[in-house]
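Here come two complexes built around chain A, the first alongside chain B, the second alongside chain C.
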Partner chain A sequence: MTRYILIKILRSTFTLWIVVSAVFLILRASGDPLYSIFSLGTPESTLDVFRAKWGIDKSIFEQYVIYLSDITKGDFGTSFFDGQPAWDLVVERLPKTLLLGGTTFVISVVAGVTLGAIAALKRGTFWDRGIMTAAVASFSMPSYFLALLLILLFSLKLRWLPTSGASTWQHLILPATTLGLTLSGSIARFVRSAMLEVLRQSYMRTARAKGAPKWRQIVWHALPNAAIPTVTVIGFQLGWLIGGSVVIETVFAWPGAGRLFITAIGLRDFAVVQMFILMVASTVIIANLLVDILYGLLDPRISVIGVKK
Partner chain B sequence: MPTTWAAHGPVVNANFAARVAYSIYDQLVRRDYLSGPGGGGIELVPGLATSWEQVSPTEWDFTIRQGVKFHDGTTMTVDDVVFSINNTYGAGSEPFAASGTIASVVAMDADTVRITTKNPDPALLARMATVMGQVYPQAYYERVGQEEFGHLPVGTGPYKWAGRVTGESVKLDAFDDYWGDTPPLNSITFLEVPEVSSRIAGLMTGEFDIATSIPPSQTRPIDNDAGTEIRAVAVENVQMITFRQYKEGRPQADKRIRKAMALSLDRALLADKLWAGLTTAGTYDFAGYGEYAIPERGPLPFDPEGAKALLADAGYNGEEIVIRIVGGYYTNMTRAVEASMEMWKKVGLNVKLDIIENWGQMGQEGDAYAASDNMWMTDPAGGMWFSWGREGGHRLKDWGGTAPAEFLKLGTDIEQGSDFATRKTAYGDLLELWDDLVPAILLYRPVEAYGVRKGLEWQPYTIFYMDFRAANFKDNG
Partner chain C sequence: MTEFNHHNSVAPSAATEKYLLEVRDLSVVFDTAEGTLGVVDNVSLKVQAGRTLGLVGESGSGKSVTCLAALGLLPQRGRVTSGDVMFEGRDLLKLSEAEMSDLRGCKIAMVFQDPMVSLNPVRTIGWQISESLRLHQNLSKGAARRRALELLDLVGIPEANARFGEYPHQFSGGMCQRAMIAMAIACEPSLLIADEPTTALDVTIQAQILELLSQLKTELNMALILITHDLGVIAQVADDVAVIYAGRIVEEAPVLDLFDAPLHHYTQGLMNSLPRVDRKVDRLSTIGGAAPPPQDFVPGCRFAPRCSHCDVSCAGERPEFQNVGGARRVACRHPMTSGG
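Now for the complex of A and B:
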């Protein structure tokens, strides 16, 4: 178990290094950040002062070595635009992103699992078709468009909810619902497929033959067995919740890390972009690691080294 | 929205920061935007200086207002004024400092500051009505340093810094000890809402009182709503296609081809269609230059036949001319260039559009590029001369190192001219020279459209400042 986790961590570190290096090089190939931050008429002499101050007057290799050395010491660089440490800027925004992501996660898992299970149990009926049509629609529709539709209905027409910002709990409802609907659609589809597979299994027939109540069949026998593929999908979506909320944060003016990322990209604010990518990549990698470990807990037949006992 | 709000420097010169900073700081001399129609007034009135006197061609004495409090409770002194001007000037707050006219700033006594210029500088008052004339407390600035000052700015303006929520908002509170009229609002919250649709929706639901930067194509829902309306102004800016005329052997190196490109564009039509009839074809002759302005000159005409004749004269053989633009940077620019390409095609010009993602990719590629320029101050020594003259920033590159001698001579006459007639003549000649050389095609003045809740008496200005002083704000419910 320990060896397995160590290997996983080593692999994860290697993956992170690849990601960090790629982002480092791509950012520097995408243009000089000075022209994005300063206005057109700024004299070159002024720009040279800032190039030296921010260390981007050095060769890319020198910058790369300094960057890698710094991140091993916990120094993720300083934002060109704000003059603050990139770590502080991203971490300052993180609670809002986590609040949105966490709420979305709860909404999507509860709605997705419930609706997916209902669709499977009512297979071929109006309920099944209705839920699956809605699920396909929800994840096919661009989240940006869905967000505007929800603003139109709940803010402009009904005047129930605010359009943008994050100062009250009401502000959370529309962005979390938009993201949650998108995510719950795909979860519902996976849950339905997994449930249909499980419902055909012999142990389900045994449970029915034993006269177990319907709810017990579903909650005790079907759902836990359908959980493995579902957990895989949900694990993948955890990273998406951090990185994929970028558009929604922009539409709803939600002050999370995603919007900081968009602004930082526009400004070629190297340190902030690198910090954000590092954070998203770490989240995805850690989520996948947790999913692997969860497999073993959910299905004791699967050992942590991935071989059936 | 930036997290630093220092009184000077590139950030405060940016549009979004200027909206907030105008409430935090006052200038030595105040431009009264309400002294003319449409928020474009140019009268210079006392600000933090109560009066001024030109004591010699190069010396100006400013009498400093007494009893003015900074937001930190300290009283403004002449030393703060001297420090602020020197500091802003020294910080390279382009292009005001780049114009390089100030030789020294010294306190003469407890209420007088003398500014000495290197040469006669008839535009000095206009300069002091810009960022150059903002005053901030020396002791606080030196104690906390520039960076911390940028996070917790202190000025003398009607509203003081009350806090910032990263990525969400900046809040200002009324400053009770303000030297001028009592601020009409208890507080102002500037919310960052990047999505236009969300800004419009928030305005219509009453969450916001004012929504900024509404594109002309999306003004209708606001005007159609019973509780809101659009208030738009053509700002003191001109958007342009700038030629890299220094590239020898390229078509744009020939001024006949540059002029043909300008004459073949119906810029009045572009201005009308792209900006919903709210603006006109572009020129460097801003109305804000007051008596110096020469509106009867007008922009270069739409003359496709003249363009064809010039192209034939230049022997243009259909060589491709590449225009680079940063996609989405200037509202309407991509559409303007796309429409222009059809007009160029009609006179035989072969123009290719190259859209890039950001300014960092601009480099020196292409034959021309989209840019914009400001009036900068209410004097013809700003605008074209700031950007294309002796210290004209990166545009020196477009000249190929330096502006033509005649351009420099005329600009210097404007900058240092001792009398109105000399300066006005030089200014007219400079515009004439511009139309002959066509260093850039001046497309139009862009429009800044605000969605405003009806009942608010608030006039947008012809610059990106938002003024919430008593003279320009009243809420009638």
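Now for the complex of A and C:
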């Protein structure tokens, strides 16, 4: 158990190091942040003062070593733009992102699993075709385009929901629906194929032969088995969810970390971009770890922690 | 709980009441991409309470499909086109899905061929046995557990208490089949259908499972339909035998009569191909050709293409059943000559 977790942590640290290094390099290669922050015509002498202050006058290698050693001390750098610690800037906006992501996630899992199961049970019927067409359409459509369509319909035409901001719960509906449609579409497809696979297994016939009513066959016999492959997919989608929220937060002016990230990229605000990427990478790694553990709980044949149950 | 409904559209005749289960002229077709295939053709079977009927045939002969159809467990593309299945005075084919659910696992239970995949891999053995009890007997969780432990004990699973919480993958094939049997007999059914219950198991385990089935049959006074391709198994446990070939019953007889003197050439062929300890042979005898798939069924006698005794008359009409004295019936124009 301890060994398993230790190996996991080591590997995660390695992954994070790769991600952080890549982002570090790419950012430096993208150009001088001074030119995005200061107006044209600012004398070079002034810029040099700021370069020295922010430590970007040193060689890339020196900057890299300083950056890594700062991280280990829990210092994630300071925003060039407003002088606040990058950590504070990101963490401060995190609750809004989590609210949007969490709502989306819950909606998507509930809708995706239900619709996917219905499609599998009604295989080949109007329901199956309808749900699958909608699913393919929803995850094939770029989310910003879907967002604009929804705004057009529910905000401009029907005037039911606000287009942007985050002050009331109504503000949450459109962004969460946009993200949720895409996510639930792909979950529904995976649940459907997992369910079809499970439904033709012999143990489902045993459940019928036992006299279990239909709902019981589905809820107690089929779904727990279909959950095993589905959980992996949902785990992967968590990373996507954060990536997707970056775009959606911008479209709906949702004051979360994703929007901060887009702004920071525009300004080449190194520390903030790095902080955000680090956070996303950690989330994905933690999500995968949770999936591994959940796997072991769902499937008694797999013993993740090397202990035979 | 047994309700005899004498006002049914199909009034049970005196003959019906003698039998616990009577399948009459059951036909089943499968809808496939190549068209509709008739896999079971006017099959009739009778099972008396407390007796064992052996249903013998090669794979694909329709023996399992007959029983699945009787229990309403056909896969989606299969459907019954004619016949009725009388059980305790009711036609099972006319019951609603809910009524069938009440009956399945309670009055009629089924054990399947491959126990390792017939148990749910993510549920404990104990859970799966208790489920039968809780579904049909409204037992509390604790009571169901106690009864499930008794059942595990009854089917010869040692250390029932410890094994109750284990998963199917922690059981051997033989132990899985014992657990399946425990699940099936949980509500003391009056009929147990065992579909090739020993095919997936080692020979030594086979004997134990057959022994267990016979013993439980006597203890619980249930009737048993044993589906198998193995005449050896039939000889060991069956009271009566029905031989099925290409979706039709070709011969019916009490087990001793059948082994004494088979009447159908197919039955004879099956017996000749059995290895015997009392005869020295260099090579086992076989039946020429192969059992046809449904799309290759010929008109007339379906065994004719493989039969050394067939003549022109066999290719015409379907051979009718002839009563050959006692409880024996055979569907052949030129049955083997022997005791009627």
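Note that the second predicted complex is superposed on the first by the 304 of 309 C-alpha atoms of A that agree within 3 Å, B and C clash if a C-alpha of one lies under 4 Å from a C-alpha of the other, contacts with A are read in each partner's own complex, and residues count from 1 in each chain.
Simple rule for what comes next: a contact is a pair of C-beta atoms (placed from the backbone, for glycine too) under 8 Å apart; a residue touches a chain by one contact, two chains touch by 3 or more.
This is a predicted model, so every value here is computed, not measured.
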Should the pairing of chain B and chain C on chain A count as a clash or a fit in the superposition?
-> fit
After lining up the shared chain so the two structures overlap, which partner does A:N225 touch, if you call chain B first and chain C second: first, second, both or neither?
-> second
Touching A:L156 in the superposition: chain B (first), chain C (second), both, neither?
-> first
Tell me which partner A:P142 touches in the superposition: chain B (first), chain C (second), both or neither.
-> neither
Per residue count on chain A, the busier partner among chain B and chain C is B
Scan A:A166 for contacts with chain B and chain C and give back first, second, both or neither.
-> first
If you stack the two complexes on chain A, which partner ends up touching A:A207: first (chain B), second (chain C), both, or neither?
-> second
Chain B versus chain C as contact partner of A:G102, first or second or both or neither = neither
Cα-centre angle that chain B and chain C span when viewed from chain A, reported as a multiple of 10 degrees = 160
Rounded to whole Å, the nearest C-alpha atoms of chain B and chain C in the superposition sit apart by 47
Which of the residues in chain C end up touching chain A in this complex?
-> 71, 73, 97-98, 100-106, 109-110, 112, 114, 117-123, 131-132, 135-136, 167, 169, 180, 183
Give every residue of chain A touching chain B within the complex, in rising order.
-> 30-44, 46, 81-84, 89, 92-93, 96, 148, 151-152, 155-156, 159, 162-167, 250-253, 255-256, 259-260, 262, 266, 268
Residue ranges of chain A in contact with chain C within the complex = 201-203, 205-214, 216, 220-221, 224-225, 228, 298-301, 309
In the complex, the residues of chain B that touch chain A are 2-4, 10, 13-14, 92, 94-95, 98, 147, 150, 165-169, 191-195, 197-199, 201-202, 204-205, 207, 357-362, 371-373, 386-387, 391-395
